[in-house]
Amino acid sequence: MKNENQIVNSFQTVYRISYSDTDQMGFMHHSNYLKYYETARWELFRSIGIPYPEIENEGIILPVINASVKFIKPAYYDQEIMINTRIKSFKGARIVFEYQAINETKEIINEAQITVACVKKSTGKACFPAKRILDTLKELIDK
Amino acid sequence: MKNENQIVNSFQTVYRISYSDTDQMGFMHHSNYLKYYETARWELFRSIGIPYPEIENEGIILPVINASVKFIKPAYYDQEIMINTRIKSFKGARIVFEYQAINETKEIINEAQITVACVKKSTGKACFPAKRILDTLKELIDK
Amino acid sequence: MKNENQIVNSFQTVYRISYSDTDQMGFMHHSNYLKYYETARWELFRSIGIPYPEIENEGIILPVINASVKFIKPAYYDQEIMINTRIKSFKGARIVFEYQAINETKEIINEAQITVACVKKSTGKACFPAKRILDTLKELIDK
Amino acid sequence: MKNENQIVNSFQTVYRISYSDTDQMGFMHHSNYLKYYETARWELFRSIGIPYPEIENEGIILPVINASVKFIKPAYYDQEIMINTRIKSFKGARIVFEYQAINETKEIINEAQITVACVKKSTGKACFPAKRILDTLKELIDK
């Protein structure tokens, strides 16, 4: 069964909610989506040949500058949650990621849009990523 | 020195960034703003006579259903960050909180809007909070 | 290459260190070992046919009552860490787990012994787990 | 009312358990004690005139190399927990901290012994802290 509203051409990763992710409501604490989305975006980067540690080794960091998250249904301990990640746009020093979290019964439980900026670690100033990264990302967007 | 852009009539709390809040960028990890904002909103509730534990004891939970966060500048280990919290609106089962995080040199480093919903824990359905809470919140908004 | 000092007959799981696990030392923050060890022990339980959620559904919780952890070498972002988990002993309401964390170059970077107690959730008192669980654990220890 | 078993001559800090500290057992997740103890030891250091950020600025880090924690009673959301911290010993590059966590009804809910090592950040090797720090710590132990 394919959920009709799922992001197309997205990169998929699956995470099992751990006990320490939960809070006393019995839900995964809402702050943890940001952690899973972070892991998911660097897995997407790894999959296209740009491991994030290599970027940091070149003196660039990609901090989050904007996050908009819609919490639709709770995630529960021990559930396997599939995360769809897509690079929505890439302009100047900014990369916008689009996310969906899907539970085991194929319900979309969370949606997010997260923007990161390319920043030179030594100066804290926005910068362009290396040409190799630029080219890879452009190719991905254009597909 | 008062920052001109600070939210007026907000409730203020101060937190010191702890070591475990940081990541290897040397910044507070971005997910932690959601934790501090959560603590800040229940401190606001405590200050108006509605401690959050009492709400949960009455079988109501207030999960986050929407969060929009703008990360303007990093927060660093050991900094004291002031959080301005304001209830922006309150309609039906939804309460919208507005936040600003201010660093020690009075810069606004983060802004957010976070919506929580009143949910009956036993059913998972949206509900109205108790009249006492409704009245307190209305009074606060009308001020 | 097999490390000579590895625990024999242990259950093995592998986790990739995520960015949010790190702190500004550039290491995985030491508190996170307890989270990974927790996940590892319930994976061991799942592997022997006792999923932890089933235990909680029967009104039993297994909180940690003792943890002794030796931090030998740092774990770094993006490393795959193998965790060896073994049930060392099982007596009365207490289960003792023994752990080793092994990095990608087969070094033992962390060792721990963690004791959990069977507790009835409704009363908070120590209790014996269900006979089915007792029998499974005894069989595992006796091997 | 003074608990007879409290550590004497200890440094005291108080923390309120936040919602994100809890797990679905309804307790503070056990990993969080390590975070509060970390914050408490650097508050102790601040109180004796050695702010931890200054140590890191001199190229020294103090990672945890050993932690032994006894979880006696749960900590709950919104409780104010007092942490008693004492430097138990200081030898070579190692500093041993002793902890107690005390709840609002003066019960000791957690005890720990945590050892940190002085490590030169650039080399990863154990080192002696600056003479100023050595002298301050010796004076504190001898009291």
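Here are some notes:
Note that the chains take the letters A, B, C and D in the order they are written out, and that residue 1 is the start of every chain.
Just so it is clear, a contact is a pair of C-beta atoms (placed from the backbone, for glycine too) under 8 Å apart; a residue touches a chain by one contact, two chains touch by 3 or more.
A quick note: this is a predicted structure, and the numbers were derived from the prediction, not measured.
Of all residue numbers seen at the chain A-chain C contact, over half occur in both copies; the interface is built from largely matching residues.
With respect to chain B, maximal separation of chain centres occurs for C (centres as means of Cα atoms). Between chain A and chain D, the centres computed from C-alpha atoms are 35 Å apart.
Centre-to-centre separation between chain A and chain C, using Cα means, comes to 28 Å. Here the spacing of chain A and chain B, counted between their Cα centres, is 24 Å.
With touch defined as above, residues shared between interfaces to two or more other chains in chain A number as follows: 19-20, 24-25, 31, 34-35, 38, 77. Taken together, the chain C residues at the contact with chain B in this complex read 19-20, 22-26, 29, 31, 77. Chain A makes touch with chain C in their complex at residues 16, 18-20, 34-35, 38-39, 42, 51-53, 77-78. Across the interface of their complex, chain C is touched by residues 24-25, 27, 30-32, 34-35, 38, 56, 61, 63-72, 74, 121 of chain D.
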